[in-house]
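Structure incoming, see below.
Every chain is named by a letter (A, B and C) in the order it is written, and numbering of its residues begins at 1.
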């Protein structure tokens, strides 16, 4: 399966090679795409080498997890859709049928038709192209926010759990206070104060999931702190930093991965919600939330304008959730919600 | 049928369907329980002793579990084919059960008193609620729980492990059942509490004239309580007999091994005896005698199904060692 | 129990002080000047200075904060854009939001818990697969998309329910008619997650030893599930509902925007666009109060359900 993906990748790479122009956007996409193809090649090579060791019958935890995941049909479907969406996001400049910013005054507020497959909006912009670009932006921000949020949350959780005592108390009380204000109010206040830029949006959204990460990782590292091998490492005089890096963090990886996957979907939902309110991604940049807000105004005339962005959000979030749920089941983790 | 026999299990086979195949929980198990008698079923974990007991009350989860063969006769009814409604009348009223884990066997959100009173309410609907309350307090007194009246309104997490097991016993005895099935009632408890619980069960058995089916892996418990003993291995009974016969004239090498591995105070021992090897994988039980791979006296014929050899009316073993005459020692 | 409640209520004070200080600090960080926002770019220097004095914008930070708090609770804090004082404007909008929230909570609980229980009991049946798929969609669909789809279906195509607006209180027929669609779309998120959680909690409880004990007593399957199992499953279900309250708030703001609902959420969003700082402050503070009180209620219910929690 991986080999087929690799070949498709190579094919697309060659196909789009001719389309590179001086446009910075397409250039960036192309280089990301090229990097992904290289990584795929590397993965295939290492997997082939690992297959040889597998013949000796050694099964690691990851192999078991993968076997379990592979049997879960909905999780696999989610995974493939996520992969597909990643491709769409990266390749957006190559595959959009129209420029999402160009207004066609001859084709205002159209329904689906042969030229504009999913119709146009009230300013004559192609809905499909805008949805593709919006997906690209949403996924980009979502990934960035979740990365930030898992990094901060995990570090705080590790520190709180490993050191315990006052560090723990301080960090957890701080986060609890933080959590006592519902996110939307925080977002409203922050957006009111900082204004609604892309950077501010990432900041606001990434601040929200910290507590969730910190709490779970804290619990795990509290348990691991008492493990015999950690005590052994301490007795040997290995510095705390090294213990955290070598012994505790790797054992917390599974919950981090699961939470991050589930969090991406949620973050994309949040961004769409803020954009819907007009507090998120600002016009003219296409965003799924504001496309929906726009579509609602023309609900009586053109339902496609609402259906398309809404369905795209649903698809993105659903596939991330399915994949995340599958991962959780496969890793048998105790995170339940 | 012997009029004294209260419960008779005949050729019982219970299977579980798992992802990797069908597992025999117990296979061809037969035993009978007389009135007022204590029958102990002994075996390692996974030998099928609990499965047999759960099959009697039809408490095995279905699916994956299923009784595929055999009969369980109680009061002229075959429990394997009885309807759920008939079973509900028997459970708790005629046959009651206490479980291994008192810590988790009591519902954490319902008070102790209500949990005990529940079977009374179910099986003796004519009782008024004050009568039930009074009866619950009597029961708690009976099992030796101090300040019973107050304990009634407490939740399980407020009680110690031994107390919880006493509550479990009170719950089982609420409707004066004719048979008490005790599934490893003491293995989760401290040694001192174990002895108290066992003597409590023994005392109540005489007081209430019950039959007890004692399921255990502990030969000391057997010696203390049982009249007859069934030794199980890998889902089958390998030896069956009165308690004296089992302890003094044991036949099956497995039982010999078990007895030797008991720690003894009267002899200086360097190291405890252990039975070599492991219990066979239930998915892949070898043909013939399931114990043969661990048996010190394994013979070629052990690959075939071992014969059942009777040594007296009540004593038999399933082993090739005695195939040619039936007497030994 | 009473002591605990009082202690929790007292704990609200530092919490709300923290929230208000935080919101105030954030608002002060904002680059714009509300006086300019109010008077427009063409305003004279004098007019701006006058406005700044009127809204105490020329005072040091802590005095501004103190003044704002005092003014807010005494009802003297004036909204910049709307007529009237912030407290009364927000309090006037609060019932609409609370009614909406209450109705959707009710819908969510009434539907999700039975569906979750049946799914758990008939595990792997068609009903289970169907309800779990719907629930998966439910947690993934944005509230505003649900809202728009409901409007399109019931107001545009079927024309049976009004598309937006507030029609009066929950207990009037017109009010209920207006409230059905927004409450449904808001309840969807909670419904989906509660259904999923009810199912998994019930599945976990059903395998516990005490369920076997109850069956060994001869209790019927129905009573085992409803009395012995559900009572235990309610504990995680309550926790989940408590955790979802914050998400309900976000959903309420969005729902109010979709359905042009005159509630606090929409007021807050409008206040941001109009740079009406006092009003943003008031909205956020009051919603935080409501949030904290709801959380306290959930905690009390939790303690009532779980005998292992003691309030000493």
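Criterion: a contact is a pair of C-beta atoms (placed from the backbone, for glycine too) under 8 Å apart; a residue touches a chain by one contact, two chains touch by 3 or more.
This one's a predicted model, so the numbers in the text were calculated from it and none came from an experiment.
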Length of the shortest touching-chain route, subunit A through to subunit C: 1
Pair of chains joined by the greatest number of C-beta pairs in contact: A-C
Cα-centroid distance, subunit A relative to subunit C, in whole angstrom: 26
Intercentroid distance (Cα basis), subunit B paired with subunit A, Å: 54
Centroid distance [mean C-alpha coordinates] between subunit C and subunit B, Å: 54
Residues of subunit A whose C-beta touches two or more other chains: none
Parts of subunit A lying in touch with subunit C, wherever the complex brings them together: 177, 179-185, 188-195, 265, 269-270, 272-273, 276-279, 289, 292-293, 295-296, 299-300, 303, 306, 310, 313-314, 317-318, 321-322, 325, 336-337
Subunit A-touching residues of subunit C, taken from the complex the two chains share: 15, 18-19, 22-23, 26-31, 136-137, 139-145, 148-149, 151-152, 156, 193, 197, 200, 236, 240, 243, 245-247, 249-250, 253-254, 257-258, 265, 268-269, 271-273, 275, 277, 280, 283-284, 287-288, 291-292, 295
Residue ranges of subunit B in contact with subunit C within the complex: 57, 59, 84, 87-93, 96-97, 99, 101, 104-110, 118-119, 122-123, 155, 157, 168, 171-172
Complex contacts: residues of subunit C adjacent to subunit B: 208-210, 212-221, 227-228, 231-232, 235, 305-308
